[in-house]
Amino acid sequence: MTQLILQSVVSGLLVGGMYGLVALGLALAFGVLKVLNVAHGELLMLGGYASFFAFTFWGIDPFLSMPVVFIAMFAFGAILYLTLFRYVTRTEIHTRIKNSLLISFGLVLVLQSMAVRFFTADERTISTAYSSDAFTIGLVRVPVVRLAGLAVAVIAALFLEWLLSSTRFGRALRATSEDWTRAALTGVDVKRVYLVAFAISAALAAVAGSLISIGYSVSPNIGLGWTLKALIVVVLAGLGSMRGIIVAGLFLGLMESLAAVWLGGQYREVAALVLFLVVLSFRPQGFFGRAHA
Amino acid sequence: MPRAAAIAAGLVVLALIIGIGFFSSSQHLLTLVIQTMLLAALASSWNILGGFAGQISLGHAAFFGSGALVTRELWLNGMPLPLAVLAAVAATTVAAAVVGVPMLRFREIYFAIGTLALGVAVFITAGNLWPGISSMSAEALRNYDFTGPYFVTLGVLVATVAISLWLKHSKVGLGMMAVRDDEEAAAATGVNAFAHKMTAFVLSSALAALAGAAFAYFSVSYFPNFAFSVIWTFEAILVVFIGGVGTIVGPLVGSVFFIIGRDSLPAEVNEFQVVLFGLLFMLVVLLMPGGLTEAGQRLFARISSRQPPDANTAKATKGKELV
Amino acid sequence: MLEVDGLEVAYGDLQVVWGVSFKVSESSIVAILGPNGAGKTTTLLALMGLLPVKAGSASFKNNSLIGVPTHQMVNLGLVMIPEERAAFSSLTVEENLELGAYTPRARPRQRETMAEVWETFPRLAERRSQKAGTLSGGERQMLAIGKALMARPELLILDEPSLGLAPIVVEKSFNIITEIRDRGVSVLMVEQHLEMALQVADHAYILEMGSMVTDGTSSELAADPRVREAYLSL
């Protein structure tokens, strides 16, 4: 029994790291642009497929192709902003969220069905030489690739933190998140900030997708599930705050795993959702967020 | 479009539908019309909450599924259909009232995410608790007659549209729309925002359950959790916006457009149908929030060389408020 | 330096500003005065590109402003401090000032400008690592002005600088505004507090219900019996 619990804890933390990584991108887009992109999971899915095909056709190791996937999805994110989300940001904040929800919902339909068409509905996983390797620490088995995934998540979070707190552009990002009008009056090119923030958000999703394609699996319809997880993490951490996203992700992963042990695997997802609803009801600003007006 | 003409058109369509129900023997056509009416009813019910009251619910399927589940279980186990439907709607209404209290405290995006979470949670739980497929008995299958489901679905649709119509022109409905447009301002003028949102939520859920009941009666066999699938929510929302959110006719027009469109696309294009509808949806949200209804109104006005009635308001509200 | 002619601003169908014209010349303080809701803030926001301009023209140093993105205006030297101060509460005092020099024009002289700001506002220097949200009203006002100065403005626009501040702080702010003018920066200010404004301004315009009612030098206006009766009872 102890072994089961310990293993669950570890698995939960590992997948929680992924939740955190996916949530980072979503939080960035929402924090800066005040746009809720429910197609975030689809961008993740595309990143996963990109890695998968790079590996299948050209034999490129996913960890090596990751930077390229990042850049490619950065570009794609920029395009999505310019063709779609830019128009959503023209409205004031209040309607912006609603509109972005709807627009990105349309995007979900488009991207998902195109994925089914071009990639087929089969589940894909990358199997490299090391993908089934694992460390064994005491009673617990830690798959190498998932641990690497957690590492990437932490690195990404630290990088983002550095970007936001120590760079000029990061200050501009934070200022724009707080109040875009004031930021514009300070001389910040708000449109450019939006573009970059959104592109980074998409790129982060893609990197998560790459990790998921090797550590777990990808198929065309995984998008919404991950988006929902990311949303839960973002709310747990505090809507609009970047701090503590990884922590919130780990927490979610852990809670899910423990619920699975306790109630049975089928109720894993439900536990997450119930936890989410409970937090939302009693502490809507999340663990780390400021209380909203 | 002038009131009298609209009513006349509605009656003609109704007569047409009734006629098809009685005289057509094409299973394909009957199925298509039933599907359209079902979607139209579900979409109209969503429209009450999303279009009139402005609360975007992404968990609508939970109530549709609930109505379907209860109806199906009771009816297949011997209860007469009308009682089963009544029980289903009653049960769902109570559930909606219970769920609505905490849910509606959330504003805007939290409400959308919260209802999404709820919808998914219910879907998964339903799949866990009722994993087996639900089928009509072999005998019922042999004697399957479209007429029953057809007219029941029609009845559901008519009831939903009638309630929507009444609501739109009632004081309650006006309050809902005030809340939709600006909740704070509405509250400041004495409108009980929570009560109105709650009414919309419960009503919308009850009608969704009614549609679910029709679905249960119509479907030969399916996995019970299918009725809880988020696909139903998505299709309803898609169709409402394409047709024209907040209008009575919008969900109806949208459903017809969607089902007919989907059915008549040639096979090769068929795989892209969702893509097409998705793109159309995005275009509508961005460019023509009034959907097909607005497009139709403008066209009609231009043909009869009258000033488009809502041109100024459309321009003024464009980009500001979509719902 | 700044010339606005026939500016019209509307929110959809609702027109708020009807053909407003005014000028700000070098090294002067101009005030736009008027009661609440006269359209003063709307005029400024439209000027800065944050609201769509329905009609009219505006030029700064002979460059047309219509259709120019806000951040580019700042880069030209046209800096506005909005009504609810301009500081970002989640950033520290120092970060706010650093951000103030964001434009390519101001960036190279950031260190120099910052030193000037610390000198002008020693209280801010004391609080440099504090989050701006923790400052008092008066301190935030100073920070807002300091931040605006970081952009090396040639024309500084102030939207209701006296709003919500204690009289001592208001007086201090107005002294600083005069100092700024003396250093060669023009000032355009929008105010409800007529008396205070007229003491500092060289020239003033009075805006009522979206239209210019009268204008003149401050002494002219202060002496004008109509103005005295209508407004100076505020």
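Here are some notes:
Going in written order, the chains are labelled A, B and C, and every chain counts its residues from 1.
Assume contacts are C-beta pairs under 8 Å (C-beta built on N, C-alpha and C of every residue); 3 or more make two chains touch, one makes a residue touch a chain.
Since this is a predicted model, take the numbers as computed values, not measurements.
Averaging Cα atoms per chain gives one point for each, and the point farthest from that of chain A is the centre of C. Counting contacting C-beta pairs between every two chains, the top pair is A-B. Each chain gets a centre from the mean of its Cα atoms; for chain A and chain B, those two points are 32 Å apart.
Annotation: 42 Å between the Cα-based centres of chain A and chain C. With centres set at the average Cα position, the gap from chain B to chain C is 52 Å.
Of all residues in chain B, those touching 2 or more other chains are 320, listed in ascending order.
Chain B meets chain A in the complex at residues 56, 102, 105-106, 108-110, 112-114, 116-118, 120-121, 124-125, 128, 230, 234, 237-238, 241, 271-275, 277-279, 281-282, 285-286, 319-323. The touching residues of chain A, when paired with chain C in their complex, are 168, 171-172, 174-175, 178-179, 181-191.
Chain A contributes residues 36, 84, 87-88, 90-92, 94-95, 97-99, 101-103, 105-110, 112-114, 116-117, 224, 228, 231-232, 235, 239, 266-267, 269-270, 273-274, 276-277, 280-281, 284 to its touches with chain B in the complex. Residues 48-50, 69-71, 74-75, 79-82, 86, 88-91, 95, 98-100, 102-103, 106, 147, 151 of chain C touch chain A in their complex.
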